[in-house]
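Right, I'll just put the structure down here and ask away after.
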């Protein structure tokens, strides 16, 4: 199923499971794929930052995509194809779409500054991969260094009909959501799906502002699913209550770098991954960090019994 | 009283109170000064980012420092003197110390990259202001763009005996604290005070890692004071409980830019500031944002009755 | 005389002359002022990067401006007022205009990214200093880190009638000049003065592209004056011949940092400055560098006898 | 033949020749390969910035490397393997070495800041590609955004015996060369080859400072070869004379972005490339630019008759 602008709910971001020797752990890949759908996710994204994509060579990346897409069956898998060149981006995008991916995710290239440079970049990217591939625009200035104003996002949306989802992780970004939603309402921008990222740190209020869901990798996607449901059902206080219960941990794994290690560790504690191994170069995961995550998990279990691990 | 390496507890970061017409609101300046000490702070810092320092001209900055320092009496006031040039830094630093300031705060200049450039910068800064002025090293890469490794911090500490406090707001930074504390223990770095910033987003675990307190501007400094006390008294769970109750709001005002407006608004709601006015250019403070802060305050009052406004 | 959009010819950028002990060398300040006009410059700019502005405190900066403006009489002096805050910018700008400055120069503030941020910055700057002060827009991305597209320059020109000169030092920037000149011709942008900077490294072709002159600090402003004259008189080959004779030296002092030391040294060799002293922190000026500059000067004297020192 | 620390003379940087339709022009690839050796180059580098590497997909990059390496026979070909991830770097490096490449070139990854981050990066890179592959360290902060102090370069040299060449293009960098050469002399750093880049803009004085040659893509490599020879033969004035004759053009094609188009155009004018075509996204190459290059070539032919095209 191809991704389109009606995408809603939770699309997790998936890590790449490794064995302790650094090889891909295919058993955990399958388990993880099943887990996300069992947890209520509508789909998930592979080969993003959390997926340690730069540490996979081209063959491994394709093998991972193939395995996951097959296992997911008719459920949508999104593949990160951000690359330092359009040739590599095209090559990966075409191949995974042929395998049955639902769409791809593209972040702006490093070093883009002016509005004109940014909009040209995405026109070139779409020309490179082909205008038939639905794609997710990743708006994550803290990571990419590229800042897109509201006007630029609108222009990219308008110029590229194959853009169907905005992965919103600008910061601060609540008013950006309101502005885009208002533009959709007054007809000055076509309706797209807005899924939030930035580790979900503002999911509670982003839902209040009208987003369609989340596209982020917090290790309790079940909570994300439930929070989105509560908010969509108009149960604002309950949504915030659930979110607040998870906020101490969610905030903790929001840390750049070590956050990936934390998520893999929590997924291991939950029994989804066989190991928390990362490929080198990996961020440090100190004994203190591990102990703090254990403490957070113990406290979380008291506030949200379903989150007991 | 001069600042020294035994500084501990909470040193708030203070905003500059304005009237709606943009002039300094001296009544609120006095009220705010009293408030911080009533709340249990040991001192506070003026003319930082939260203080909208770049929007004050030299005369206003000195007038504000003079008023606050006099009102504070024997209590320590720290003055931010980061400037684009050493001449302006020296001029401000000497003048406020003559007025009775306890010390100054210096962040690395924009554009510094290599370890050698950073250490040279601080040697030059100390030579400019004079080695008799105690100072706080602000380590805040998200804002300054300058990343200081553990080794560089140690070298700056070692080369500059007048450095007495590290305002730690690197991110992620928990292991940095542990490393510095271990170096102090094994004698490879002299003991300094470490106070945390970064809006307090990790205060709970930073206390577990051994910091001496906080130097940040969350609008409930009373909570920061209590959290530090609980942690120092070994009441870890209680410290985390209190912190977690405030985390949803604390996280909300952590947003760059708009966070300043949020803090001023909360201080106004608390009756400390007469208005939440910021000087131009000010971040937008939308009706949605205001309503969300009100919602957060209402929720907070249920979890921490002392925080009722 | 106020600066206006008819500015043409050469406006040098002036260093701040120091004595070996770091105090301002007022005798050299006067000598230098006379020198620029004797060399055929129409005016010059003080308190720019070359002027080591961040190393002067507020009083010194004003004293320098006062001395130079008085000495210059009716000739135009431009004052750099780029500052980390609008309050300091306003304060300096109003004071030097009261002294009789012809206008001020403003570069975009650090960290500006999107088109909207940049245009807002200049609206705020003009609101701060007052719309009655003519100003030079410094477009120097290599130094400021801020990239302004052609469209953004046009918008800033259009929104701010008090902008009268573009100091063009974008790189590569030849086509930018042609685009702006074409917009002036077709009426989509009002006519402004374009003076080039970037150390004059492309002055030869920038003149071919239609700029009005130079606003840069090469230590042979007499050559810049003559090159501009030749080009304006349609003597293209002669203009290039003269420029090429100076290019080896001009290229040499184009080096960031050390270039300032080189220029002061050449001005000293020419008898304009009593010393080549820079205030700390100063770039290294090694014996090898000095010897290379001497070698370049000796070679230059053979190709342009007027440049003998 | 493997690259080693005795590398000297000129190693050009080669473009990737395209046909007007964007496909690789294999005839020009062969012609270009022969041209560089006929011009007196000792070797050349492919898949660098000038080679438009990010616009080639993995298969094309390998096909180009294979063709060039075969044609070069026993002459050394260096392959740029800088990549956004170590997996891709390893994959490309191992494959081209198996084809017979002489070595690879690696630039620091984007975003590296502290000395520790930089040295760790290169340790990881060498671990990824294997310590048996000789490599060129590209020190080009203007392009990579990563600044390496003298001390960091020494540390990378010391920690990685397979590093055999420093491609020096820091700016300003003359004193850096002197410092490194002095460290080699006093035994505090092992002897490596230093070849200069930065478009050759300071080749004249870099030779005076003791570099071994050039590793840059100016379209008259024959001039580079001759300049290096003159300098090595102690004919300083002749070396500078020849260099100065080319400086106006060399400076012109030093412009970021458009410089690549200029070089391809000059190589086409020289009959080496069939077309000056670049793959999209390509920098603009305006009619004015073309005309200016023609003018520069005409002037050059008068000053250096061997450079007639």
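Letters are used for the chains, namely A, B, C and D, taken in the order the chains are written, and counting of residues starts over at 1 for each.
Going forward, contacts are C-beta pairs under 8 Å (C-beta built on N, C-alpha and C of every residue); 3 or more make two chains touch, one makes a residue touch a chain.
Predicted model, so just to flag it, every value in this text is computed and none were measured.
Chemist: Touching both chain B and chain D: give me those chains, sorted by label.
Modeler: Both-contact set = A, C.
Chemist: Over half of the interface residue numbers used by both chain B and chain C, so same, or under half, so different?
Modeler: Here the answer is same, because the shared fraction of interface numbers exceeds one half.
Chemist: Fitting on CA atoms only, what is the rotation between the copies chain C and chain D? Please report it in degrees, nearest 5.
Modeler: 180
Chemist: More contacting C-beta pairs: A-D or A-C?
Modeler: A-D
Chemist: Distance from the CA centroid of chain C to that of chain D, rounded to the nearest Å?
Modeler: 33
Chemist: As a quick test, compute the distance in whole Å between the mean CA positions of chain A and chain D.
Modeler: So the centroids are 38 Å from each other.
Chemist: Could you state the distance in Å from the CA-based centre of chain A to that of chain C?
Modeler: A distance of 48 Å separates the two centres.
Chemist: Mark out which residues of chain B touch at least two other chains, giving numbers and ranges.
Modeler: Residues: none.
Chemist: Among line, ring, star, complete and other, which best matches the way these chains touch?
Modeler: Basically all the chains touch each other, so complete.
Chemist: Quick one: which bits of chain C touch chain B in the complex? Just the residue numbers, please.
Modeler: These residues of chain C touch chain B: 53-58, 60, 83-88, 90-91, 110, 120-121, 124, 127, 280-281.
Chemist: In the complex, go through chain A and note every residue touching chain B.
Modeler: 171-172, 174-175, 178, 201-202, 204-205, 208-209, 240, 244, 247-248, 251-252, 255-259, 284, 286, 288-289, 292, 299
Chemist: Along chain A, where are the residues that touch chain C in the complex?
Modeler: That would be residues 113-117, 146-149, 151-152 of chain A.
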